[in-house]
């Protein structure tokens, strides 16, 4: 499709532009207010655990550059450790929750069978498994399993919810055009469920990061950013602790960003607006 | 040891805070007392934040504390070569311990300075604090009959507390204590000489910032031993995962196969040997004494802690046992804060 | 295909009681016949069509297609829905191609057929629009094109031209007759326009108000194309209108037919 | 409304009844299979950390009956400790997330201002705050604050999402009937948002329990069921650990049950099916 | 109230270009006048009504009510929607009461008014039903009752009787005229039925195909009630139909009016 130069002018909307400007200004104001308040507090309170923003920024960069002797690694090493566990746990959860969820949503019998098991395990917070998983699966696969559980259940619930909430008239229409269960599934239910899957993934990502931080703090073995936060706090270097929290936040934002990117791609391919 | 009668209304509350954070908790007013290991006791005492209620050796003279344990499985150590490795780690630990004891006794000199520095770096505490802490820790390795008797005694206390319900098949606590202590490696040690070649490697666990386990830190310091670790000097490559938070986690490390040997307190070793049936043996003592109950200044007696909160490293630790024992001795009931 | 409906009954739950939407409905639609159903709003027309389509379970009675009891939907029966039911994530083109995709018609052929019917309903130029970008009447026409493209033997149409202007409606009516002529479809068609029914149908079924049943059947044997201006046409319209009027004025029986609520 | 005896017969549906039967049978089969497999494994593996089901059941009841001397309390005490923190943190989160979310969803300016702040803090997993909150807020309010954060953000997102997804035609209709922003809000947006709020609460409950378990494990201060799990594991009494996990699961189910009950009540009052 | 529309233009974005739905639409609706708008499907009727209601922003031009530019919706203008827009969590009764609640009419009075209009649209007995339990025509009637109950000065109706059977439709038409007589409302009414327009309107506006503009205005000064069987009525119908037919046959200009796409 050729781009139409008129369009740029035609759709340029002065009010909308100004409204956007306003929004940006408010947003910036909010951030500035926050940083100013933080800085003021840090000076006023003068407490080790309320370092000033510039100290945290300094710690952030230092943590990447300098190897922490007593850990034998720098922030990159910790990120790698966390990201590895996270990635593996997440992929396994995705690979299992998608088919199981779609099948449970779609086939009554499968639902009847699996539901009691799911309901048995789902209420147990994934974090509660940390100690025993560390014991059974060790310091690498233990946290991986915790993340797996953390991502698996919210994703599964969302997939099932998605499948069950498909508009009845759309199913009706597809059936009158001869869709059997498989095509119904491929052409109506799955496209309809994509947004639900993506919501599940976003929730799952959040819970996943929480799980890994908790696992690394509770087990406090095998490194990772969670461990780094815990360790920095325990030796009273609070600016490094906040730097670690910022790193986790950035990792979280990054993974959510990737998932949104995939969502957009998928939506475009599926033709969903 | 029996719990105080329920009519006893004298209650002291406890909460779990890692020793490394106990001083901050005292300062913040979160707790009014703490029981922990060195150097964190001295850390709180030296600047006046805390005052001594009682040192552990005043309650249990010469009580054993940290030990080296080795994991037993079908795979390790079941042949002479592996046994050699264990013996050589024990030997290196022994050499390092002796070096520490001599250096402390010397009280000054370059060795003393670097010892203090190592301690400060390892535990993240000022040098002056490390200096006084070292005065409260008894570094020794021999698993004497008295030590075994103490193990048996602890085991009995755990049984009384209901934390264990059997003795892993042994008829009494003495038999159990004998069974989990293996003195053969200590016996081999005197004959072991440094090795020019590396004979094998051992995964070794340890606790975060615990100065009781100073010998490992010293042994790992390459500048003291001609460019290699003391373990390497004795032909063993030692690798460690990140430090463990507590002895229970070290035991889990054994169970998961992450480590072959480890430094830990004797209570978690006993508890998990029985409850979780984790096959370990204690092959060397690491230290005795070196723990204390302290109060937030001016508190310096148990009675002043009545109705207040004391921080402990957790109910599986020897420090917790000490507090519990001392409270009972003085007619107080220990209760978890917030429940 | 011949459709035989015998003693059909359909009840819905309503609050604490139930509502009888259809009661003892009897009708035979012969092969290649064009039947229009007329009836007061809420009398159960949509419900009957959905039961024929296999989308709704009957409460009792029998409904057979060529002697086979209907138990579920099938490609032999296509439906145009009163409330459109377009797939919101598909463009107009992709909506129309839906049934053909299911039949595994090759992509080129699919496009050709879809374009043919999109042109037929007057939506050329909107192939790539999404349903939310269309007006009410345009959505309805997409629904018609989609059902026709799938070429079912029985065509079930629920007020398919209800949202169209008179002219577009006339065009569509003629197109429908042409298609029927060519493809020999059996058609059940719901409408509120007596004029439309008279123009299209072989027989016009007038239903009673709720609970719905067959009230009267008018056979129209005037040949196609019919002249709306003819006297016969005007007479027929008047007769059917009168019949309907009586029914609407009589009104539905109490909506809740539980004896205690009556 | 008087009950209609005919209804019971009229709506009795043999097929549906049989289908339900089938489901129940499948469900029971699943649970039985699971317990049998567990029992078999526990005997076959003979590992301390795979105790047989009956041991766990025994430990469950024992944990309530017997005071653990070295803790100075039994399970009831730990439940009380967890539930207190949970309740306070949850109520605070609810009290703040509801109005803030509704306002952010509804008023552009508020959204522009608060969104950057929310987006700054949301990606930090609540669990990462545990060490510093314990230090700053102490052993009671520290975990409370973590739960607060854990519940606050998912609830906020859901409320905002709910407000923004109200059907445009419904808003249009209300506006033509003279609804100003306040009435629009009370009569269209709020009722529409209720299911979203409830979803947010359900997610928040799950995350809240995870946070408290993590906080109690990481800080391990002041008891609680999370602490009990951690402690039981650390001395190797695994059957008690599993009993603790069951207790947490039951608490989780209980709170979700309460929230569903409230949801039903609300829906009935609002006339939503 | 007098409604003045001058040079109204409305464009929608469409794919990479834009679609002009309305172009230079001019119309004055006098106080208490009843205007019907007719036009081919997709010509912009709904769009105009939404702009009058204040629900859609115009692209350019002017639209004033009693000399006040319209900037948003208001209680003075009530609307019946083509796609019903009922509140799914409210019963029929509660849907009809909605506007009255907003006006803070006391509960008793509210119930009385709601019942009056529910009866008027023939839904007595369904007060406690939810929208999903109603047929298409029943939903539409709830929408009508809801708008009427609110008693606005200007009534905007978008194919309000489109889903109704002929009889119900006739009844509703008469009721609407009666209400208008009593309450002196200004009414803008979209329909596809020329017959309906001729029966109801003071003036009938025929629109061009997309982009929509006023093509022709027919003034009907026959007094109410009108006789559908009269010769004048028939003649008028014929003239309007002819006008519409020309427009539909001419067809819309290319849907995308960007010069490059043409």
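Labels A, B, C, D and E are assigned to the chains in the order they are written; within every chain, residues are numbered from 1.
Here is the rule we use: a residue touches a chain if its C-beta (ideal position, glycine included) is under 8 Å from a C-beta of that chain, and two chains touch if they have at least 3 such contacts.
No experiment lies behind these values; they were computed from the predicted model shown.
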item	value
Those chains which touch subunit D and also touch subunit B	A
Chain of greatest Cα-centre distance to subunit E	B
Between subunit D and subunit E, centroid-to-centroid distance (C-alpha), Å	48
Residues of subunit B touching at least two other chains	21, 24, 249, 252, 255
Multi-partner residues of subunit C (each touching 2 or more other chains)	15, 83
Set of subunit D residues in contact with two or more other chains	49, 135, 233-234, 238
Partner subunit B, residues of subunit D touching it in the complex	47-49, 66-73, 77-78, 80-81, 84, 135, 138-140, 219-224, 227, 231, 233-238
Subunit E-touching residues of subunit D, taken from the complex the two chains share	167, 169-170, 172-179, 183, 187-188, 191-192, 267, 270-273
For the subunit A and subunit D complex, residues of the former touching the latter	19, 22-24, 26-31, 34, 49, 108-109, 112-117, 120, 123-132, 135-136, 150, 154, 203, 206-207, 209-211, 213-214, 217-218, 226, 229-230, 233-234, 238, 241, 244-246, 248-250, 252-253, 256
Residue ranges of subunit E in contact with subunit D within the complex	50, 53-55, 72-75, 77-79, 81, 83, 85-91, 94, 98-99, 101-103, 130, 132, 146-147, 150, 152, 156
Interface residues, subunit B side, partner subunit D - complex	3, 11, 14-17, 21, 24-25, 28, 30, 160-163, 246, 248-249, 251-252, 255, 268, 271-272, 274-278, 314-316, 320-321, 324, 333-339
